[in-house]
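Got some structures for you, see below.
The two complexes that follow have subunit A in common; it is paired with subunit B in the first and with subunit C in the second.
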Partner chain A sequence: MTEIFGIPIQALMGQLTIGLVNGCFYAMLSLGLAVIFGMLNVVNFAHGALYMVGAFFSWMLLNYAGVNYWFALILAPIGVAIVGVIIEKTMLRWLYQLDHLYGLLLTFGLALIIEGIFRHNYGSSGQPYELPDVFRGAFDLGFMFLPKYRAWVVVMSIVVCLATWYLIEKTKLGAYLRAGTENPKLVQAFGINVPLMVTLTYAFGVGLAGLAGVMAAPVYLVNPTMGSGIIIVVFAVVVIGGMGSILGSIVTGLALGLIEGLTKVVYPEASSTVVFIIMAIVLLIRPAGLFGREK
Partner chain B sequence: MSRTAILYVVLLAMACIAPFVGYPLFLMKCLCFALFACAFNLLVGFTGLLSFGHAMFFGFAAYACAHSAKVWGWTPEVAILFGTLSAGLMGLVVGWLAVRRQGIYFAMVTLALSQMVYFICVQAPFTYAEDGIQGVPRGKLLGVIDLKDDMVMYYFVLAIFAAAFALIYRVIHSPFGQVLKSIRENEPRALSLGYDVDKYKLVAFVLSAALAGLAGATKSLSLGLATLTDVTWQMSGEVVLMTLLGGMGTILGPVVGASAIIAMGNYLSGFGSWVTIIMGATFVVCVLLFRRGIVGEIEHRLGKKKSP
Partner chain C sequence: MSGALLSVSNLQAWYGESHILHGVDFEIKRGELITLLGRNGAGRTTTLKAMLGLTGKRSGSIKIDGVEAVNLPTHKIARLGLGYCPEERGIFSSLSCEENLLLPPAVGEGGMSVDEIYAMFPNLKERRSSQGTRLSGGEQQMLAMARILRTGAKILLLDEITEGLAPVIVQTLGRVIRELKAKGLTIIMVEQNFRFAAPLADRHYVMEHGKIAAVVEKQDLAAKADMLHEYLGV
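Entry: the complex of A and B
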């Protein structure tokens, strides 16, 4: 058995892939948070809860309606996006003139409501989501076994993240979006429907969270508290990376997932706190975050 | 006597009679959380800093106090002082890190650091993980007065609350408090007037953390336990809700808000998971329709009548 620093390479690689999978979810969630924050100036505390809703939607589709994973991959994020449209249209929209803190407080309340409703109906124990047959088994890479589903999650989420980056940085729609972030009044004067754009941005951001939820469903047990657990880590990721750059949040998310996985092998006691420790160090050295542009 | 002075004397008199009417244990809990909310309000209402991790000071001080009283056998006043100081020290470290970022980032940093403290408390041996520290002895105050009786304990807690409340009142109305308010209203302006804004924020943060610790320490002695619940992010959210409901930036708001939430928690305890949903709904309603809070709304209405 090959070893690195006295750690069996199999265990190391296993934890690193788990870390990478976690990192993918961090990246997708912090990306959505950054997109929403850029346009709405709202830190969406409900992001974790909506990620959980995405996972539950796919679980419900499979168990109540017999809709398989592939359709859930499309339907559940759309469902979450519709919830997002309702939230934005009925509540968030009244807060744009106020201090940013109110947006955080409102979405915190929403997160409590959503989590509470699911806990009321499903209890706090997890529901297993059955893996589609295609993903059973693992690839033998010679030095390690890579479970097929984990490989899929990594590839898929990187594709989604890069597509989002392309959409925002390289397309005309993205240009409107960036212009709207800088100066909404001027963009509106050019005849672009900014309020609609804001609604769609929020829907898109939470849709990403919903998609992450669907992808997470077979990896973790689907349970009501999965959202609140991840959102605080994602906040730390956002503080480390800064919300100014899209590629920055993707890279930071993936890197922190890997570091977390590595810590699980080297010093397991610190695996739940390592992200926060890194955040503290980054605050000391680069207070604006690694890729941050402080407004 | 001025109107406000009369109001406070009446309130204090009511608080003195209260244990003959209501349950002393419930009232003690109310007072402890009211103090917690007042400490939090000093930061959010008067300095404009939203800390989303105040439970770490409250909960950690509860552990520190409970451990020193139970395991080391310290007298209650020393144990409470120890809890308060440890929270203040923690506030110094956390505040030193957090004041580097403004606004929304400040909230995220404090939330993340409090989650770190939570994980440390989950693993540390002295917290007894899921069980918490139970059966904390109240001991004898100064080695003389036995606090075992709920009534005696109540007046001890009331004395602590009144002293801390007076301190907060004094701070808010001091020149230092005026500088804090100017930071809340317009930070760049305060900076350009020559105030070292970060230092003022840090002092306010440490003060608020220590007072939150005082509340937590007192709570652990009066209820006899310190558990993980006190360090969770839900607890941080709860104190935000108490302050928001009562009225951010009002002096009495947090007291009213805390009492209302604690009472609500008591009456709704039979509803299980509905409590979270109702808490969340209260948040949403407060933010959308009722941003001044109960006391803020009353002050606003009274103010309108005075100056037409």
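Entry: the complex of A and C
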């Protein structure tokens, strides 16, 4: 059996694949958080809960309405985005003039409420989501077997992340968003409806979380705590990448997933803390994060 | 005065609990250029911001081409044809020079093309790919003006456009403003540099304590020089 530094290549590649898939979810979630923080200045603690809602929406669509994975991939994120519009319009918008802490507390409370509602109705044991037939089986890469669905998750999330990056960095709409992040009053004085842009940005950010939830449903059990389990790591990703940095979120999310996977092979005891160790080191060396700008 | 393109009457504005404007009245006809003069803290910049809805509470009346704007949100006021060049220039650091230029959407017809703007401000063409805030102070000021010329705005609100600029840049801006006036644009300037503003304006409104204290027509400037000196310390 081929080994690298005494580690069987199958074991190494297997863990790196799991790490890459986790990294894809980190990237999509931290991307949404970065977009929201950049435009709204809100640290959206409800992000993990809305990722869970996305997973549950897809499970409900399949089990109650017979709507398959492909339609759920569109409908569930839209559903989560609508929830986001309601949250932004009825609660968040009253907090923009206040300290970040108020937005954080509100969204943290919302996360607990949303999680509690799903736990009350569905318990915490988790619901399986049946894998679509087309994704059954694995690709034989010679040195390892790559499950088809995991390959799909990697490709899809990279496409979504790059499309979001392109939208924000290279289009007129993205220019409005970037300018609105810097000086929303001036952007509005140019005739752009900034309050609507803020609402849609929040909806888009949480919609990304919802999409990640749908994609995660067949990988993990759909359960009410799936969001709270991942959100702390995702916040670490955002801090390491640089608060509000789009590219930072994508690169750091994917890289940390891989590092986590590698740590599981090399030194498993540190696998759940390695992200936070990296965060501490980055904060000491570059407080604004790897891709963030000093203010 | 009849046929005013913009008419402001009894405009009052607050920042939080602070009452800043105490009933500002002025009018401007199509194609005119007026200035709001006064010492720091007189309420000139706040008047421009209040017209755009960028202050807190407001009352009174702001009629733009006959449409009452005092209760409209900022973006709808801008869409009535206002172009705003703020005192701090407001160049976005995350956008390139050209992205800054192309950012504001059209708010009226007849805006200048990008080529016309580059002909008017050749420096901006050379620096089109540079990050907005890497431009010199003069170039940033040109960019702040240029980007509202693209929008077809019929009323330009220019706040302290000569502040901190070298005399040669100020001369360039003076030439540009003459060109814009010749094109029929309506301009309201807040200006500390009276020597710059005096030959350009049709009328001067002198502000003190958040209201208009005096109005001086262009032809009366010499006769009222002592009064202006008293108000402005020029």
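Going forward, the second predicted complex is superposed on the first by the 292 of 295 C-alpha atoms of A that agree within 3 Å, B and C clash if a C-alpha of one lies under 4 Å from a C-alpha of the other, contacts with A are read in each partner's own complex, and residues count from 1 in each chain.
The criterion applied here is as follows: a residue touches a chain if its C-beta (ideal position, glycine included) is under 8 Å from a C-beta of that chain, and two chains touch if they have at least 3 such contacts.
Being a predicted model, the structure only gives us computed values, none of them experimental.
Student: Mind checking subunit B and subunit C on superposed subunit A, clash or fit?
Tutor: These partners fit in the superposed model.
Student: When the two structures are laid over each other on chain A, which of subunit B and subunit C touches more residues of subunit A?
Tutor: B
Student: To the nearest 10 degrees, give me the subunit B-subunit A-subunit C angle using C-alpha centres.
Tutor: Taking the centre of subunit A as apex, the angle works out to 90 degrees.
Student: Return first, second, both or neither, reflecting whether A:Lys172 touches subunit B, subunit C, both chains, or no partner chain.
Tutor: Second partner only, subunit C.
Student: Aligned on chain A, what is the least Cα gap between subunit B and subunit C? Give it in whole Å.
Tutor: 17
Student: Hey, which residues of subunit B end up touching subunit A in the complex?
Tutor: Within the complex, subunit B touches subunit A at residues 50, 52, 97-98, 100-105, 107-109, 111-113, 115-116, 119-120, 122-123, 233, 237, 240, 244, 272-277, 279-284, 286-288, 291.
Student: Within the complex, which stretch of subunit A touches subunit B?
Tutor: For subunit A paired with subunit B, touching residues are 37, 43, 91, 94-95, 98, 100-102, 104-106, 108-117, 119-120, 228, 232-233, 235-236, 238-239, 269, 272-273, 275-277, 279-280, 283-284, 287-288, 294.
Student: Please give the residue numbers of subunit C that touch subunit A in the complex, ascending.
Tutor: Its residues touching subunit A are 52, 54, 73-75, 78-79, 82, 84, 86, 90, 92-95, 99, 102-105, 107, 148, 151.
Student: Could you pull out which subunit A residues touch subunit C in their complex?
Tutor: That would be residues 172, 175-176, 178-179, 181-183, 185-195 of subunit A.
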